[in-house]
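In the two assemblies presented below, chain A is common to both, partnered first by chain B and then by chain C.
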Partner chain A sequence: MEAKQGANESIRFEFQNHIDQLNTAPEWWQTFKSQSFESYSNAPLPGRSDENWRFANRKGLSLDTFDFGPKNLPATTDSLVEQSDLTSAQSGRLVFADNQTLAYNQASQELQDKGVIWSSLQDALVHHSDLLKDYFMKQDIDLGSEKFAHLHSAFVANGALLYIPKGVEIEAPFCCYNWVDAQDGAIFPHMLVIAEEFSKVSIAEAHLSAGNEPALSCGVTHLFAGVGAKIDYTLIQNFNEQTLGFQINSNIAGKDSEVKMNSVNIGCHHYRSETHGQIKGSGAHVDMRSLALVDADQEIDQRTLQTHSAPHTTSNLLFKNALMQNAKTIFSGLIKVDECAQLTDAYQTNRNLLLSNTAEANSLPGLEIEANDVKCSHGATTSEIQDEEIFYMLARGIPKEAAQELIVYGFFEEILDCIKDGKLAETARIIIREKFKA
Partner chain B sequence: MTTTATQLDIDRDKGNFKVEESHKYDAGIGLSEATVDYICDVKGEPDWIRDFRKRALKVFEGKPMPTHWASKDLENIDFQKIRYYLAGDQRAKRSWDDVPDEVKATFERLGIPENERKFLAGVEAQFDSEAAYSNIKDAVAKDGVIFMGSTDALMEHPEIFKKWFGKVIPTGDNKFSALNSAVFSGGSFIYIPPGVKVSHPLQAYFRINAENFGQFERTLIIADEGSEVTYMEGCTAPKFDTATLHSAVVELVAMPGAKIEYITVQNWSSNVFNLVTKRAIAHENAVVKWIDCNIGSRLTMKYPGVVLKGRKARGEVLSIALANDGQHQDTGAKMIHAADETTSNVISKSISVGKGRSTYRGQVHIPKHLKGCKNNTECDALLINSESRTDTYPAITVRGDKNYVQHEASVSKVSAEQIFYMQQRGLSEAEAMSLSVNGFVNELTREFPMEYSVELKRLIELEMEGSVG
Partner chain C sequence: MSATLEIKNLNVSIGDKQIIKDLNLTVPKGEVHAIMGPNGTGKSTLAKALAGHPDYQITSGDALMDGESLLDLEVDERSRAGLFLAFQYPMEIPGVSIANFIRAAKKARLPKGEDLNAPAFYKELYAMMDMLKIDRKFTARSINDGFSGGEKKRCEILQLAMLNPKYAILDETDSGLDIDALKVVSEGVNTLRGDHMGALIITHYQRLLDYIIPDAVHVMYDGRIVKSGDKDLALELEAKGYDWVKELASDAA
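Then we have the complex of A and B:
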């Protein structure tokens, strides 16, 4: 108990340092952070009977060993910036390492003239404080990681703000790279996207480790899609396997909007990802897709929620996991259809491919339906690769290991196909292949 | 449609009547150690049972309500306002002639003696806490089949009873299994000797007559090697304004190669909290099939389970739930695979009418080091009215080698085209709806013995009445 108290004290100490350095920041920001830290301190750690944490390993959630203090710029800055190039084109880029800005590629003058805002959080606090005040952390956190969301709010120092005004359509993605470098360091990636009426935008984000040291990442992505807006968001997470990661994603889809969220999860020792699609306007469509390739003792814990609170809405979820060695995955998803959300079409699919007999796949697909005129379904399957499939390839001279690999690539293609940027999809393929080689 | 109309009139409140209470034994209101002592004294139970009950009471008191995942409606149960033991007599009668008139009248009205003559191999009828009647046809008894109330079995066959009692469902399994273990009374005990195949079903009928009452029957069925048995249970109660509690524990043991089919048609009145723990152990090559229909009650929480303990064992749950206004059918299945090449199948169909809510909750567990296990789960939900509600919460864990699990669930309403098609052919909207719903569950009702599937169809028609238009 004493040790725990001590650890809490050290986090509080670091928080005090953090807030002291914010004396030039807007007052609301300082208040918000202080309140968030108190909420973090007061919130209990997930308990044994907490349904949102069912099957999850709650022992690995201790934050005692992490250092929340500020870090020096990594020595390898140039190399990190150079490696932060995963897309074929970009409309703007932000590169962060240990919460500090390494590179900032602005949006083109043309876009700026149209009113597009692409800014680091640090800059946004100075120039767009009112916008942040309205939108920052304004989506509900309701999938179990409330405590960690408060921690994020308390310590978040940097991140990306993207604002697309009414009617502006942009093809090339805005890219954001979050590196963690320091040993036992903690990063708090933040992505806030506000797409106004009938705008169109895509975003690519990558979470990466510079080295092999243990670290903590606690990130939040919030997307706001206005009437008729289209947002396409892809997150590639490839931290080293010493990292503890939390990623809290949420989107609000307005009338006739279209939101797509893709995730590629490769790294982390223990990764908890929460994704909430809030479908609030009629005619809206939300896609949520994810792939995870896990090995060794990795645990990937995915919680999703599709909330339909307006009629004539559709959502589609596809989460695919391939598990090697002693890896463990949890998929827990819920489709919630409110009484007023008639004529909803909602689907949820979880596919788990077991590549070893010691891997463990947990699946908790759920439905809560209060409207009657709906089409909702979920499906979950878990199995190994069928003998016939392997046999087919063996018969064509492909060795067993290679055959297994090929089948896994094919298994993931369904997700990778949906990543629009060709180079980004290819990068994901390379990461997957490398993981097989290792 | 006039024929159906008359059938409907007969059945609507078939179970909704009560006879005057005349209990010789009454443990009073509320639960304490004294209640447990009273039950032990009245029944003349040995000390190991008394200790067992008292330990269970402690466990019950120590366990919180499972409201972190279950319905908050559970909090409306006041355990201190319930009567835990009411009985007229300790020993069940072998002939209907010896059964007290008002009790006999009750069961006659429910058609039990008639069914017994027609198609049953044995019948047990429980009235509040104890069995009033228990009989088995001579031909079946001759083979060594034991079928009696569990109170009697405890006295007459302690060697078999003690060996299996509480082994499939330990006291501490959940709060309500602990409660049952503390105050259990009644229920059936069945033992089928090796190789005996009981061709006709054995039936138990559970009746609650008294107000503010809790029925806690305990059923234990052991099917020895290579034997087969079908057991059916039905339940009704009159409707009271106050809550009635029914919390049973049912344990099945299927020895190698045995087959047990357990059929429940639950039609409790809409003030009954029906919180039942049912589980089976299936040894090598054994098959256990739960067929579970939940039509009545206020809140039912019941997840029949099979622990697949022997190689190639098979477990099945076929479940139909119908939730009408004021009802919550929280049902499901548990399949715990514990040996290689075990298979399980869960098919659940639920219908929510009016403000009814139906929930499927399932668990499939395949631990590591197992090979070649398969599970198939299908849950379909039908929503009739705009206020109807349905939920699905399965939990699936898979490890091991060559295991295959698939789960599918869908939610839909009756298609407008279907209804239109039938209306065009002269059916009213309500008739068309009723026909569609019966079609929806037809695949499952076909699995039932004839008499039950007819009964079930009628019950569904009744519940559907007035739900549209």
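Then we have the complex of A and C:
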């Protein structure tokens, strides 16, 4: 067998240290973590014949160089907290660096009185252990990163818990910032959102590097939308290009609910993102959108699943990638419609814009439909900027480089337009522009 | 220095095919000239070749703007030097708003590092949009994306107005316009014409020239100007039809 069995000794040693420090945590938590570590150890690394890793560079997945031990607080704490300000408004904020809480802005007293819970995972283990027990890591991991999900469960030490009770509607987003600072450090961002019946909430999350050191991020976001609930989630990933990133996103959409997930991916040397929309209640709608701007020899590997298991459901996926230099992207998406999910509308679109002739965009769209009365479509296009578009802009006096830039910004607007918070969308535009200029 | 757009013995090919043949034409600044002619005669080729489209090779001759040859300039340099082409089929560019597009074009005309004064830019933009009866909401719309034919042409004239060129070439600006849009576009051009600008209007039909009265009309056939005259030539051409042009061409040959 090609894949390496077992975790290396230093990871096991660090895990032992990690679990030893949890002696005051709930027993279920300790058991869960120990079991997760064993599952991690026993799971093979992705193999060459693994369909979920097709086209991916598996050589870059070694975790041997990373330090899983606890870290001191970064020296630049104040500055990181200050920079953790990417939205026009906020209903609450958590700022983490190297898995430690740097800042915590509570939800307003009014929201707390209504029963809203906005808490760090560390606090939640003390005050909301039962809620965590019911919901923590309870969504299936089924797009290939099971091993890394187990690693996440074993080491996760912090994160955000957001619980919105029935009927509570909140406009301003809850914001969560995850920084990685230590050289070869490892962070495990976690976002758990539980939106009860007919509630409405939005969340903005950012994954960022404090410096230029290599690091590992292994994050999970799980959204639970109850009957008629509305969740709007945006993740901006702008790690430095030395970072190895895994991000496992999943949502469960209940009856008549509406879930929107937006991702902006700019950083990482190698980034693997998995997104699963589980459309489980009739009348539910799920949007999954992503943009990635990649250069140098970055690789962004995107796997998606839209599972429809109830009738009258809709989902819409749009992933747009722009590639420069020797960058590589993989989009592999599947729409799965169960036999009972009649009258489903499901769409999947992947668009890749090649800005260099050495960039490589792979696209593997797929459909698996067991119901007979559905509307599903998938499409993938990979193209270069059209000469006639450039000519039109040149004929207005816009120099070629500026013309290309404008076209790329325009290409991404379709996604950026869907980010509701104006400042967050503008931040994404600035990050994109800065990367283009670099 | 002569204030003219002067085309001298111009020959243009697309691939192996010669389209423009020893064409001579002079448009003095401050005048509006019209080129009329049947389809396939090289009118649009002339426009694109002057703008510098890479598919159109200028094999000999010259094109001078106020005495300076355009041929040494890149496409974007020609535009910044003061040449404007209103496209027959303007490109749709998704996600790039009209405001950002025109702003980028204006910014390209400023010294490096300098930025536009945003309030002044929008003031000018809105004034021009009002003049061309373009809804101000259009500023945020992607350029030409999903526009009707009339909207696209008005958007071209808006760019003309905002970029304030020395010479403008309007390539079949009337095609695809209904009578109301035609009037709006013509009013726009009439407002913009004046001593500061020369214009070359390329059209297949005489009707545009009912609204934009030209100082001179040139009839083009098979890559050459076969007859020039005043505005009445357009009416004569309308009355006699393009078969007359063929006779003129064979007389000239």
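Throughout what follows, the second predicted complex is superposed on the first by the 431 of 438 C-alpha atoms of A that agree within 3 Å, B and C clash if a C-alpha of one lies under 4 Å from a C-alpha of the other, contacts with A are read in each partner's own complex, and residues count from 1 in each chain.
Simple rule for what comes next: a residue touches a chain if its C-beta (ideal position, glycine included) is under 8 Å from a C-beta of that chain, and two chains touch if they have at least 3 such contacts.
Keep in mind that what you see is a predicted model, and the values were worked out from it rather than measured.
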Practice task
Answer with first, second, both or neither: which of chain B and chain C does A:69 touch in the superposed model?
Solution key: neither
Problem - Which superposed partner A:60 touches (first chain B, second chain C, both, neither) - result: neither
Exercise for the section: Based on the superposed arrangement, let me know which partner A:167 touches: chain B (first), chain C (second), both, or neither? Expected result: neither
Practice task
Would you sort A:380 into first (chain B), second (chain C), both or neither based on which partner it touches?
Solution key: first
Practice task
Give one of first, second, both or neither to describe whether A:410 is in contact with chain B, with chain C, with both, or with none.
Solution key: second
Problem - Partner chain(s) touched by A:388 [first = chain B, second = chain C, both, neither] - result: second
Problem - chain B versus chain C, judged by how many residues of chain A each one touches - result: B
Exercise for the section: Give one of first, second, both or neither to describe whether A:422 is in contact with chain B, with chain C, with both, or with none. Expected result: neither
Practice task
Using the superposition on A, tell me which residues of chain A are in contact with chain B and, in the other complex, with chain C.
Solution key: none
Practice task
Please name which positions on chain C make contact with chain A in the complex.
Solution key: 51-54, 74-76, 78-80, 85, 87, 90-91, 93-96, 100-102, 104-105, 108-109, 142, 159, 163
Practice task
Sort out for me which residues of chain B touch chain A in the complex.
Solution key: 68-69, 352, 368-369, 371, 381, 383-413
Fill in the blank from the handout: Contacts from chain A onto chain B in the complex sit at residues 49-51, 54-55, 339, 342, 352, 354, 357-384
Fill in the blank from the handout: Within their complex, chain A touches chain C through residues 386-389, 391-400, 402-403, 406-407, 409-414
